[in-house]
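You will see two complexes here that share chain A, one where it goes with chain B and one where it goes with chain C.
Up next, the complex of A and B:
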């Protein structure tokens, strides 16, 4: 019953929100209330739905096969993540979403997207998986294209990738259906196990490539930054936190469940040069390159969208090791990243709500004006950088550990290098937003209202609590691992107990807290501090005043930028993408010239067509 | 039981009555009533045709002296499609066609076009087919040139020259066939050609394919289409793209597949179809003129249908027919909406439609739905039909079938990109303030909404439809 409700509620929500769009500008409260009720109901049902794991719900019959939906441990976990982050985002939008801008369909498209995502994770056969995948892609496009012309353009970029992914997947669906004779996952699993290598490779390429595109794995990540960064800011939070992970969901489902690890590992030259090695290398590139691109961004949202790609690389790193620790780290990182990236972007949205900008060259010093947003971002970036005691540390520790133990030292090195980049870029983020001098124009800025603070506080609590007590999350992960056929992780409340070194976050947090207390004691006992005006200061031998302000904010990391400028602008992916687009347009133009507009050439085509056709038919000869 | 001869008689007499009275109201009334009546007639015949084709005796003279006509499931189904589409387009025309612009003549020609369309699906005589084909072509030339401006006249002239070449090819084919068979009834032709020299049959088959193929917009003899479909009044573009080329395609393929069955032309047809898909999509990709873009898209969609037919399997034929139904609805809707975009802005260029979606929100939304169905977004009808084409191709197997799958998938990506580029322009932020709402007039809106409803909710009809699609698909391989 809950399973049906999970599919039905977003649909009803979509229908009503669609009909309510006319009322949006006059009385936004109506549609906001409806959305809040709807997403709260979905979250509640999602929480209860665990009782129905394993039961299947049969939908309509299409092409002679029944569309089936049902929950597994893996899909329930994803449903919970989707429902939870949607509800939190909606709470935030109650305060932040203004209809002065053009977002009349915001909630309608959001409901549609939730329908697609929940439907996707609950699909128990290939056809419904594909249908939901397409619905999700279209809903994502619709969600993105709202608002300014810039978002429309970026959404168009996404659409090209999404529809290409969808069509490759459709090719895969048709191929697997033709070869195995069924849409059912169980039949496909059996078929693949006994199939030729050529068939397996074709199926894997056709099915997995779309997931890599959706998960924005290097080199198919080009669509993500513009598409996410030009969306409405709460939507950026939403998209970054959960949307991209649907590609990873598909990857997990098909690699571990539908195809099976044995089949995947049959593809390769040797035990160490196989498909999983390729995935590891791609994941490492995904983790490193976008993270360093993030350094050069001057827009807070755009900076974080590059991390959405990079952190996805970490998740894939963990998952591709296929070890207990690695998959636990990968799965946990999905949750962790979702919580802290939403937290950071909500903080940015709170700043944007008051200042009207997310431009890192223009902000600064807001710590005294928006302390809650500052705290939110602080907690978030500690998580993102993978520093204890926040939850990001735990999953990253698992991933590093599994890479080293699994014998992938170079990949582990790449992961470390990426972490350095992460720390550098998040420092830029918090410094340029909250630290330094407060520009005069922001003197009147106030903290946002409690409705918008609420999700920030909740996420801060989650990021901290799951960092100190990772066992609360790991118990879910262990269940998923059993389902995926991996030995479950031996978790404790504070971390993990294993031969190759325990992790106990409670101890680490205690040490951290004590150190912090010692530092605080020295700081307060020293009696050396004196509170001065922000202009009573100097930098680089200059006194600072209103006319000569502290200007590190502007073009932060410019030296770094200068060194790597050429490398960055040579970014092969973007230019390849552009060239591909140009190629299609050029070839299209040449083909169009087939239609010359001249009757004499057209008449010649007739003759040519008949002659070529006759030659083709051979019977004439 | 009312005679199916009415399919030919009714529109033809309606055309004469219109001319006699020369009144807009009577012309409009008749051209609405006749298709609606014929749709009902088709529906009433459909159940009888599902079991077996029903031969029609013309003027009490049996074949070979009389003209053999026959209504089967395919004929009844296509007739219903044609009649319903025509009724909706006439409804649209009632508000779209400018008053005092020779309206009576317009409806007269539309009725004559309908006569030939119905005739084409009923006839089982290859020369009779030629006659109806000529009527169809000539009425199309007239309708394409309706606007009487330079572009329309040029398009019509090109269409006429190329159509005449096609007719000549067709006539050559008929002469060759008659020499061997001594009869023009398709059934006799099929028997006679089975024993004829294969090179001879192949030549006749190829000239037939590219002769009728002109009207069916088969690559590479479809070169007139982008000009004609884009220069015609939008209601006529909807008729031409919505059912005329589909109808010609079905008729051409059926005759080729049955009367000329002695030579296996399916591989040739398949190659031609795949080429059509890719050329159509690539050419549409860079278009800046909305109607021209839609016209190129029709070329590729015809390619998809022909590809499905050319698989030579029951599943392929069914998938092709379902895709045909979807395309008839979606492309008609798109052309009809484009017509009002042109009326409101006075331009065919997509760039001039910036922000038009705010002035015409309902029209633009319907455009979006029709476009979504055309590119095959689930759960709209287009997804199911395209999926069936692809799985039929997969089931048929072989290199060209999988090549076709790849080409169709790639084409879909292109199609999505260019259609949604239009939508992006339509919903671009309005330049100045909020302009007054100016959606389509209600008759036009009603017609477009019905077409769109078909392609949006059509998937719900599929279970019912599947009962008739099977016998219809059989019709593609049968001459009875």
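Up next, the complex of A and C:
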């Protein structure tokens, strides 16, 4: 019953929110209340739905096959993540969505997106998976293009990728249906196990590539930064935290469950050179390159969207090892990243709400004006950088350990290089927003209201608590691992059992608390301190006031800039870049004739493709 | 000594022991550098006098609460990390955190400092932090590469286990002799980690008015001194545990500490300093490839 409700509620929510769009201008409170009620109900039902794991439900019949859906441990976990973060985001929008009349369909599309995502993770056969995938992609596009012209343009960039991914996936669906004779996962699993290598490779390429595109894995990550960063800020948080991970869900489902690890590992030369090695290399590139691109961003939202790509690389790193430790780390990182990226972007949204900008070169010194937002961002960046005692550390510990002991030293090094990049860019983020000199124009800035503070406090508590007690999350992870056919992680409340390694976050946090107290005692033993104005400062003898620019935030990591600037202009790199540029321009010219930027045209292509595919299917049926 | 009363005594006494060692090492450092440069130098416990002087200053200037909390995080974070680094007779906390944990705990004090310095709103401080973080990409990555190779060779990420394995195998199995490429690369990294010349641009007084310390005075500077003195033996111990077989007795431990520190100091005494980008290029051109080569050799031997 709850399982059906999980699909029904978002649909009802969408319908009502759609009808309410006319009221947004006069009284935005109505649609906000409706959305809040709707998403709270979905979250409650999601929590109750755990009792129905394993039961299969039948939906409508399409082309002679019944659409089936139901919960597994893996899909319940994702349903909970989706429902939880959607509810929190909605609470935040109650305060932050001031110009609701710019976004008349904001909540309607959000309901549609939730429907697509929940439907995707609950679908139990290939056809419903594909249908839900498409609903989700279109809803994501519609969510993104709300608001400004800039968002519309960037969302079209996403659409080009999403449609390509959808087309390839459609190819995969048709191929598997034709070859195996069924849409059912179980039949496909049996078929693939006995198939030729050529068939397997075709199936895997057609099915997995769309997931890599959706998960923004290098080199198909180009769509993400603009598309996410130009959305409304709360939506940036939402999209970064959960949307991209749907690609990863597909990857987990098909690699471990539908195809099976044995089949995947048949593609390759040796145990150390196979498809998973390729995935590891891609994941390492995904972790490193976008993270260092983030260093040079001047916009807080854009900086974090690059991390959305980079941290996805970590998740893939863990999953691609296919070991107990690695998959535990990868799965846990999905949850961890969701919590702290939402936290950081909520803080940015709180700053934007008061100052009207997310430009890192214009902000500064807001710590005394918005201390809650500062604390939120501080907890978030400690998590993102993976420093104890926040939850981000635990998943990174798993991933490192699995890479080192699994015999992938250079991939482990790449992961650490990415961590250094992360630390650098998050410090730039918090420094340029909250530290340094407070510009005079922000003197009157106040903290945001309690409605917007609430999600920040909740997420701070989650990021900290799941860091200190990772066992609370690991118990879910262990269940999922059993379902995926991986030996489950031996966990304790504070970390892992002795046979899995040395980690106990409870002890680490306790020691940190006590030593911090020692630090405080030493501090208070010293003389009384006096707080002075920011203009009472060392300036080599020069006086300081609001007219003397005395702040360091522009081009924060100049040495890196200096080094890599030369690298970019080295001859071979430049000529490759130029030639690639020419190629892209030529191809783009042709593509432009197809992708006109008009939704109607896209829809027409899409319908045509589906008709052709169905005609093809009809032959088979 | 890892249970009952002995353990409690260790937990309470260890910070003091560590601070005392830090004072001796710091004093020795100043004396030795002075002698290399044909000066007389201060007394051996000059660092202690410095700390006492700074902590009892009457004027203490703060720029806000983060500035204050940063000092607690700085000293607290260093003390915390210290507990997870095994020394002779005291390795109780190693079972709760391996070297990967230590690697990340080592980032807590710099993060605390970075946040505090940020609030002082002095560009010299921010530039210092920016440089310090960029330097991480040089020495820290090199150090991690050496650790990864060593951990992979022995199939464990626990610092205590790695130390035990070397002690059981005798000096021939010490990291620096068994895997000289990794050992040499790690020595360079140690120089960077201790902010000694030629990797000293972060705090260089002549370049950026002492960088992070620009707006620190009185007890704030005093706490930075305390942190430095505790971190000194700890960072040397990490290298010792990974590459010199740790130590089985306190005599051996102290001797190894001083020998290792002398090595760092004589380099420090005669070299100039790299610019930030120069230091990074140096690390990426020499120590990092050396470490990578060492890892490749370990992999080749293993296959």
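Note that the second predicted complex is superposed on the first by the 549 of 621 C-alpha atoms of A that agree within 3 Å, B and C clash if a C-alpha of one lies under 4 Å from a C-alpha of the other, contacts with A are read in each partner's own complex, and residues count from 1 in each chain.
We take it that contacts are C-beta pairs under 8 Å (C-beta built on N, C-alpha and C of every residue); 3 or more make two chains touch, one makes a residue touch a chain.
Note that the structure is a prediction, hence the values are computed from the model and not measured.
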Is A:273 contacted by the first partner chain B, the second partner chain C, both or neither?
-> neither
Kindly classify A:529 by the partners it touches after superposition: chain B alone (first), chain C alone (second), both, or neither?
-> second
Return first, second, both or neither, reflecting whether A:451 touches chain B, chain C, both chains, or no partner chain.
-> neither
In the overlay, answer first, second, both or neither for which of chain B and chain C A:186 touches.
-> neither
After lining up the shared chain so the two structures overlap, which partner does A:503 touch, if you call chain B first and chain C second: first, second, both or neither?
-> second
For A:51, decide between first (touching chain B), second (touching chain C), both and neither.
-> neither
Based on the superposed arrangement, let me know which partner A:417 touches: chain B (first), chain C (second), both, or neither?
-> second
Count the residues of chain A touched by chain B and by chain C, then name the partner with the higher count.
-> C
Can you name the residues of chain C that touch chain A in the complex?
-> 15, 55-64, 66, 68, 71-77, 79-80, 83-84, 93-98, 100-101, 104-105, 107-108, 111, 114-115, 118-124, 126-127, 129-131, 133-134, 136-137, 140-141, 144-145, 148-149, 151-152, 155, 157-158, 209, 214-215, 218-219, 222-223, 226, 275-277, 280-281, 292, 295, 298-299, 302
Interface with chain B, chain A side, in the complex: residues 62-63, 102, 130-131, 134-135, 138, 141, 145, 148-149, 152-153, 156, 159-160, 163-164, 167-168, 170-171, 174-175, 177-178, 584-585, 587-589, 591-592, 594-597, 599, 602-603, 605-606, 608-610, 613-614, 616-617, 619-621
Interfacial residue positions of chain A with respect to chain C in the complex | 365, 367-368, 374, 378, 382, 385-388, 393, 396-397, 400-401, 404-405, 407, 409-410, 412-413, 416-417, 420-421, 423-424, 427, 430-431, 434-438, 495, 498, 501-504, 507-508, 511-512, 515-520, 522-523, 525-532, 534, 536-538, 540, 550-553, 556-560, 562-563
Touching chain A in the complex, chain B uses residues 158, 161-162, 165-166, 169, 198-199, 201-203, 205-207, 209-210, 220-221, 223-224, 226-227, 263, 265, 267-268, 271-272, 278-279, 282-283, 285-287, 296, 372, 375, 377-379, 383-384, 387-388, 390-391, 393-395, 397, 405-406, 409-410, 412-414, 416-417, 420-421, 424, 427-429
